[in-house]
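Labels run A, B, C, D, E, F and G following the written order; every chain starts at residue 1.
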Amino acid sequence: MTIKPLTDRVLIQAEKAEETTKSGIVLTSAAQEKPQISRVIAVGPGGMVDGKEVVMQLKAGDRVITGKYTGTEVKIDGEEYTIVRQSDVLAVVE
Amino acid sequence: MTIKPLTDRVLIQAEKAEETTKSGIVLTSAAQEKPQISRVIAVGPGGMVDGKEVVMQLKAGDRVITGKYTGTEVKIDGEEYTIVRQSDVLAVVE
Amino acid sequence: MTIKPLTDRVLIQAEKAEETTKSGIVLTSAAQEKPQISRVIAVGPGGMVDGKEVVMQLKAGDRVITGKYTGTEVKIDGEEYTIVRQSDVLAVVE
Amino acid sequence: MTIKPLTDRVLIQAEKAEETTKSGIVLTSAAQEKPQISRVIAVGPGGMVDGKEVVMQLKAGDRVITGKYTGTEVKIDGEEYTIVRQSDVLAVVE
Amino acid sequence: MTIKPLTDRVLIQAEKAEETTKSGIVLTSAAQEKPQISRVIAVGPGGMVDGKEVVMQLKAGDRVITGKYTGTEVKIDGEEYTIVRQSDVLAVVE
Amino acid sequence: MTIKPLTDRVLIQAEKAEETTKSGIVLTSAAQEKPQISRVIAVGPGGMVDGKEVVMQLKAGDRVITGKYTGTEVKIDGEEYTIVRQSDVLAVVE
Amino acid sequence: MTIKPLTDRVLIQAEKAEETTKSGIVLTSAAQEKPQISRVIAVGPGGMVDGKEVVMQLKAGDRVITGKYTGTEVKIDGEEYTIVRQSDVLAVVE
C-alpha cells in the first residue's frame, strides 16, 4: 500500500525518541507533543496551489523539523504518520 | 438519482471499518470521528474557483485521505457521504 | 411580487420533508437544521464579484445541496426561502 | 439636509411593518431584528473600492433585501436609516 | 500645533450634541458611544495604501458619518478627535 | 549600540508626560496605556514588504501619533522604545 | 549536525542574560518570556514564499530583535533555538 500526497503535501514520520537521542538532538517533548524531527516518507508533485506555483524541495529520506501541532495525523499498518504542507516544514537537518 | 458536485468539489464516502482493517490500515478513530480513508464517488468539473483555475486530479474510484473534520456530510438513500473541496484531499492511497 | 437575486446570489427553497422522502433521499435533520436539498427559484445575473468574474451555472428548477447553515433566510407570502451565493452550492441532484 | 453615501455605500430605510404586510410579505422578525425589506434612499457613486472597480446597480426607490444584521444604523430627523455596502444587498424586490 | 494625518487617514471631530440637535439630526447615542456625525479637520495626502492607490475625496470642513466604534481617539489641547481611514467614512452630510 | 529597524519598521520612543503637557497636548492616558505621541528614533530602509513596495516617509526626529496598543516594546539602556510598522503611524505632529 | 532553515526562515538563538547585560541592553523579561535579542545562527535561501520573492537580508552572526512570542522553539544538543521568518525580525543591533 502506497500513500501518495497531493500537490504540495509531504508524508512524514516522527523519529523514534531513541534515534533522536543517539543523534544528539533532544527536543522539548511534553507527553502530548509530537517530536519535532521527522523523516520524509513521500512528497507530492507540487504544482499550482491556491493559484501559486509550488516547486517541491524536499525528497523522501530528508530529516525535517516541523511545528509541533502542524498537519494531519494518519495511522497506517500500526505506524503513525503526519501529512503536512511543504511550507509548514521549517528546516532540514543534515 | 445522481449527485453532481459543483466546481472543485468531490463526493466521497468513508470506507467501512471492516474494509479498512482488511487492507491493513488502521486509523485512530474516536467514536465521533469520521474514518480518514474514503472512496471517491463523483468529482466536479473544476474550472474557475475564487478567480483561480482548478484542474481536477481525482476520479471516481480513487481512495483518498482527508482531514477528519473536513467537508459537509449528506445522507443519500440511507448511506452517508461527504462533499469536500479537492484541495482538502490530502493524499491518494494505492 | 418577484425576488431578483443580485450578482452571484441564488434564491432557493428547501424541499418539503415528504417530497424528500419520496425521492429516496434522507438527510440528517436535527430539528433546528435546514434540509440540505433545495429547489432553485431564481438566480442572479453573475458578473464581477469582489473583483472576479462569476458565471452562473445554476438555473431555476435545479435541485441543489447546500451546507446546513449557509445563506440568509427570508419569508415571502408565508413561504421560507434562503438566499445563498452560487459558490455555497455544493452539488446538483439529478 | 442630504446624506450622500461614499463609494459603494447605499442608504436604505426599512419598510414599516404595515407596508410590508400589505404587500403580502412577512419576514421573520424577532423584536430585536431589523426588517429585511428596505427602500433605497440614496446610493454612492461607486468607483474604486479596495482596489476594485465597483459599478452601482441600485438606485433610489429600489426595494431591497439585506441581511438582518448588516450595515450601520443612523437616525436622521427622527427616522432610522441604515448604510450598507452594495455587496451586502442580497436581492431586489419588484 | 498641527496634526497631519498620514496616507489615507482623516482627522475628524465629533460635532457637539447641541449643534447636532439644531441641524435636526438626532443620533442614537448611548452614553459610551461616539456621536456619528463629525467634522473633518484634516486629511492625509492619499497615495499607495497596502499596494493600492487611494485618492482622497474628503476635505477639511466636510461633515461626515462614521461607524460609532471606528478609528483611534486622540486628545489635543483638551479637545477630543478621532483618526479614521477614509474608507471608514460612510457618508457626507450636506 | 545602534538599533536598525528592518524594512518598513520604525523605532519610536514615547514622549515623557511632562514634555507632552508643555506642548499643550494631553492624551487620555489610563495607567496601563502607552502615550500616543512619540518621537521617531530610527527608520528602516523600506523596500518590498509582503510583495508591495513601501517608501519610507518618516525620518528620525519626527513626532508621531500611533495607536495605543501598536507595535513591540523593547528596553535599551534602561529606556523603553517601541518598534512599529510605518503603516501603523497615524499622523505627524508639527 | 547542521540545521538548514527553509525558504525565508532564520535560525536564531537568544543571547544569554549575562551577555545581554554586559552590552548595556536590558529587556523586560518576565520569567516566561524569551529574551528579545538573539544571534542569527543560520538563514534559509529565500526565494518564492507564498507567491512572492523574498531576498534574505540577514546573515549568520547578526544580532537581531524579534517579538517575544514569535517563531517555533527547538532544542538541539541541549541548547534552545528558535526558527522565525525573516519578516518577523524587527531590527538589527549593531
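Quick note on the criterion: a contact is a pair of C-beta atoms (placed from the backbone, for glycine too) under 8 Å apart; a residue touches a chain by one contact, two chains touch by 3 or more.
Computed from a predicted model, the values in this text were never measured in an experiment.
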| item | value |
| --- | --- |
| Averaged-CA centre spacing for the pair chain E and chain D, given as whole angstrom | 23 |
| For chain E paired with chain G, centre-to-centre distance based on mean C-alpha positions, whole Å | 41 |
| Intercentroid distance (Cα basis), chain G paired with chain D, Å | 51 |
| Residues within chain B bordering two or more other chains | 51 |
| Topology of the chain contact graph, where touching chains are joined (line, ring, star, complete, other) | ring |
| Order in which chains appear around the ring, chain A first, chain B after it | A, B, C, D, E, F, G |
| List of chain B residues in touch with chain C within their complex | 1-7, 9, 11, 44, 48-51, 72-78, 80, 83 |
| Footprint of chain C on chain D - complex, ascending | 23-28, 36, 51-53, 55, 57, 65, 67-68, 87, 89-94 |
